[in-house]
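Note that chain A is present in both complexes that follow, paired respectively with chain B and with chain C.
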Partner chain A sequence: MKYILTAFLTVWLVTGYSQPKAEEILERIDQNMSSENRVFESSMTIHGKRSSRTITSKSWSVGDEKSFTEYLSPAREQGTKMLKLEDQLWIYSPSTDRTIQISGHMLRQSVMGSDLSYEDMMDDRKLTDTYDAEVTGSEEVDGRKAWVLELTAKVDDVAYAARKLWVDAERYIPLREDLFAKSGQLLKRSVMSDVVEVDGRWFPKTILYKDMLKQGDGTEFKMLDIKFNQDIPEHIFSKASLKM
Partner chain B sequence: MKTALKLAFRNLIGAGLRTWLNVLVLSFSFVVIIWMNGLMAGWDYQAKTDMTNWQIGGGQYWHEQYDPYDPFTLTESHAPVPAGFSDELARGTMEPILVVQGTIYPEGRMQPVAITGIRPGQEILMIPTFALDTVVTDAVPAVIGAVLSRNMQVKEGDRLTMRWRDANGMFDATEILVIKVFSSNVPAVEAGQIYIPLEKLRSMTLLEDEATLVTFSDSEKERQDAGEWVHKSKDELTAPVDEIIKTKTVGQSVFYGILLLLAMLAVFDTQVLSIFRRQKEIGTYIALGYTRREVVGLFTVEGAMHSVLAAVVAALYGFPFLWWQAREGWTMPIEASEFGMAMAQTLYPVYSAGLVIATVLIVVLVTTIVSYLPSRKIAKMNPTEALRGRIQ
Partner chain C sequence: MIKFLIKGLIRDKSRSRLPVIVVAIGVMLTVFLHAYITGFMGDTIEMNARFSHGHVKVMTRAYAENMNQLPLDLALMDVEELLNNLQQQYPEYAWTPRIQFGGLVDAPDENGETKAQGPAAGFAMDFLSEGSREADRLNISKSIVRGRMVQEQGEALLSDDFASKLRVEPGDEVTLIGSTMNGSMTMYNFRVAGTVSFGTEVLDRGSILVDIEDARLALDMYDAAAEVVGFLQTGFYDNEMALNTASSFNNKYTAAEDEFAPVMKTLSQQGSMGQYVELSNVWAVYITMVFVLAMALVLWNAGLLGGLRRYGEFGVRLAMGEEKGHVYRTLIYESVLIGIAGTIFGTATGLFLAALVQEYGIDISGMMEGSSMMMPSIIRTRITPVDYYIGFIPGLFSTVIGTMLAGIGIYKRKTSQLFKELEA
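Up next, the complex of A and B:
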């Protein structure tokens, strides 16, 4: 009996130490992914049924509250700017020389025909605030060991009732995320790849978003260049900068 | 006057082919004007009847935020059905309808739709909602219109994934089974709408006892706005049909104008020629004691009689034609649903006594005026010169 108890305790301790708690994993992800501020250039390739188109942009962001994006190409989108201040979003269109605020139902529209909605971009609440998380095991994703986390909404006003996350067990970055409807239907999937170390933190350079109910190969988001903790002038995050 | 009419008639018949050509052209104007106006009246009647049967019943209450032309208003346009409606709801003379924005994915294509919740047992609208009573265990039974079916290439028995958001904004998705595809003449009820049982939609969206609009059958009852519910009478709801028909009628008037102009040109020419060739006759009339006014009157009656003869000829071939049209209808060569408004593929003209009388009066009046204008020249004629047959 003593041996059995010792063996049980050993297994419990080993598994207990090797499998961190869900909250801890989410905390580590936050530490890894968030920074005081960041400046990055990115490309967004929207894979349609017949053709694909790529939009490049440059973004400045401070925490999750403030961000400013300027679209660089193609010519049709060039000069379009987007400003997000907490829960408010404005878009400036150079062709009409007008700034419009995206609010209410408009937040549910697709961003430039991609698989992402403005709401998806705006969602800056911490996962730990809106979901109950549980580690359900580990799996191998692209040759790397990953913790599998199942998140269930604990508030009513989130877009997705459940999420499933595969988190790199060593680098603590999400490698894949599935978003589910209330009925359990898989709605969207994002797959992160090209993980690189930037300024001492791991970061996925490519994210593929896919609406799982729709045909097509989804929307690929690529970080072309990223810099953390830069000196960003405060005036960038003002409505005046949209027309500059 | 009797003599004038006799003379005019004899002169007209005596002119032979020239008269009959004029009469034929004028009679054609009669028939076309009556037929086209009848077609418009028939369309108006059919469109309003179809809208009543398929879309609006005897009128509706709309939630104050509801705008059928702006799907984005659907998120906010719902509220509990007022308690004051409960009697009519129980009797089935009022039907609550809940409309929610959603998305369907036929063969992986993303298509926005309005998910419309309606009671399967309703009897106000002709939409075959009875099919929604079908027991389906693994999907939601749905009824769709022929326009959506054609556009989405979806047929009866097909299963589709449908996605929507509940009242809190949380996504949900399920499979729907298309039980029935219906066809009406009202594109608004067919395009971009999926009908599912009301109670199912309410539970899916957490909008228990709520509705976006309420349709009632009794259009005669005096009704007022009820809180955040705005009363829309049948006349208000069918006003777009009146607008379209008004626009079309104005367009058609141009066509009638051209048609009448051609006929009147012929009558005018005939009158000018008659006066030119019959100067001796005019001189003789005056020599016999006719006043100039009477001679002008004689020639005007003669011209105007073209229209009377035309009315008789039009009645001869027009009556069978118009009767046949009213019975068989006129089938449009293009797809009527493409117009986006209540319009049957085959329109049945509706003629009224008022329409026929008004058309006859207008044509006779215009012909009389056109006949009078050249006849005024007679008043300026020198009777002696006229008797000699000199050109004046």
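Up next, the complex of A and C:
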């Protein structure tokens, strides 16, 4: 009996002490995923029901307040630009030479037909600022130990009321994420892979997004090149730069 | 004999005036209501056919299942080939590709900033191809309020109310913001060629009409169309023929499990139109039947009253040796004459009223606010050849049947009691 009790206490102490607190995990994720600023080139392959197509773009962003994206290919999308300033979003279409502000329900529309919405793209806030978390266990994801976290929104203006995260227990990078509506319905799922170390932080280079309410095989987002803490000129984040 | 009866009817006003008026009113109502129903239901069916449903429509199976949502990602591909096949296999129809889409129409100010914006229902049709009858089919030339018809690519027609709301005039530029068939956001500039009013709440609320090639460019739908609609060359919807065509077409694709395989639906197989088509077919028959029955009862009653009033006259005639059959027959002949006179008078009045409503219409736009069904906001009657003779059914037959029923009493008179009755 004494041995059993000792073994139980040992296991409890080991697991209890080795499992970090939820807030700590979120902070470590934010340290990896958020940055002062970043510049990256990416490709987005949208696997539709009938065909797949790839869109490439270059983005500049500062914190979670400002970002500017220019689409590079295919020809139909080339030159399309998006500017986000705080909670406002503008799109410039070169074929019409018009800049349109996206607001209201349009923010929930798909970006370029992908499984991502404008709202998804706009919400770059830190998880620690927007969600309360609770560690509910650990699982193995793609051969790596992961903490399972359940997040509940603590602010009203987030796109998803709840999230479930599988976080790499060593690198503190989400490996999988389920996004839920207030009703509890699963809306989106994302799977992160190709985790690499860039400038001392871990970052997933490939993310497969799947809108669970949409047909198709999801959208594969690949980070082709990413640089953190760059010197980004301020004029990029102006409406004038949309037409340049 | 007939001359004698006519004289009798003319001289004895009590025998002719009331029955003729009753018959005329009944016939007038029958003729007018038939023209009204033909006009209203026919207009609604043809309007839905012309603007939306076609007499038959080809879509992908997946699109057909969700057609209310206008899912462009499920649109037909390789449309030119499909059109050629349809034209060869079913030459009794005129085939044309169409795209219905939703989006926002944004009107810019002089600085290119949004001046006004509103949700729009888009209709893309073949306006510019040589020999296309789409503009005539939609009667666009008569629906133009300001400006002119689309004459070149990049032009659009806006519903007049919508244009006023956006504060745009013909010649101004507007931007369509919508989704391509891949789901990408798209922006496309159109110059407003003119504004239109179709007299239908659903269309006049906020619609934009563009040439299909412009829509294909805007919505990234090369050689694609949401639907291919077919119109019978006769110009009028024939449900039986449409059902046969759809069945013949669909039989060719029964084996294919591809959800993007084409499927043909008739107008009556789309939404609530089936019920409507069915209703329009039987409605005129119902109304005529009801009138025949009602008129028969009224005229039977009138005949009974007349018989009672003419009780003495019949008695004298029978007492003078006239056969019961002869009295009965003359009564029937009289009713035939009354029926003919009432029918002619009632038909003329009914046609006159129907012609007035056909010309001027009845404005029911106030009742149509918020309606999602495509219905004309001005109801017009439609005078058809049937209206010239439909009145004879209640007017003549009911009168005669009523008189025949009422006249049976003649045979119940007993000659032995006639003089007693006359003495009394």
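As a convention for this text, the second predicted complex is superposed on the first by the 220 of 244 C-alpha atoms of A that agree within 3 Å, B and C clash if a C-alpha of one lies under 4 Å from a C-alpha of the other, contacts with A are read in each partner's own complex, and residues count from 1 in each chain.
As a convention for this text, contacts are C-beta pairs under 8 Å (C-beta built on N, C-alpha and C of every residue); 3 or more make two chains touch, one makes a residue touch a chain.
On a predicted model such as this, the values are computed, not experimentally measured, just so you know.
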item: Superposed partners chain B and chain C on chain A - clash or fit; value: clash
item: Touching partner for A:K222 - first (chain B), second (chain C), both, neither; value: neither
item: First, second, both or neither for A:R28, with chain B first and chain C second; value: neither
item: First, second, both or neither for A:R125, with chain B first and chain C second; value: neither
item: Contacts of A:Q185 with chain B and chain C, given as first, second, both or neither; value: first
item: First (chain B), second (chain C), both or neither touched by A:Y160; value: first
item: Partner chain in contact with A:K58 - chain B first, chain C second, else both or neither; value: neither
item: Partner chain in contact with A:Q101 - chain B first, chain C second, else both or neither; value: second
item: Against chain B, colliding segment of chain C, chosen among 4-12, 58-66, 130-138 or 184-192; value: 58-66
item: Footprint overlap on chain A, where chain B in one structure and chain C in the other make contact; value: 49, 106
item: Residue numbers on chain B that touch chain A, as the complex places them; value: 72, 75, 101, 103, 105, 107-110, 161, 163, 165-166, 168-174
item: Interfacial residue positions of chain A with respect to chain C in the complex; value: 46, 48-50, 53, 76-77, 91, 93, 95-101, 106, 109-114
item: Residue numbers on chain A that touch chain B, as the complex places them; value: 49, 104-106, 108, 153, 156-161, 181-183, 185, 187, 211, 213-216
item: Chain A partner contacts - residues on chain C that touch it in the complex; value: 73, 77, 104, 106, 108, 112-114, 175, 177, 179-180, 182-189, 220, 260
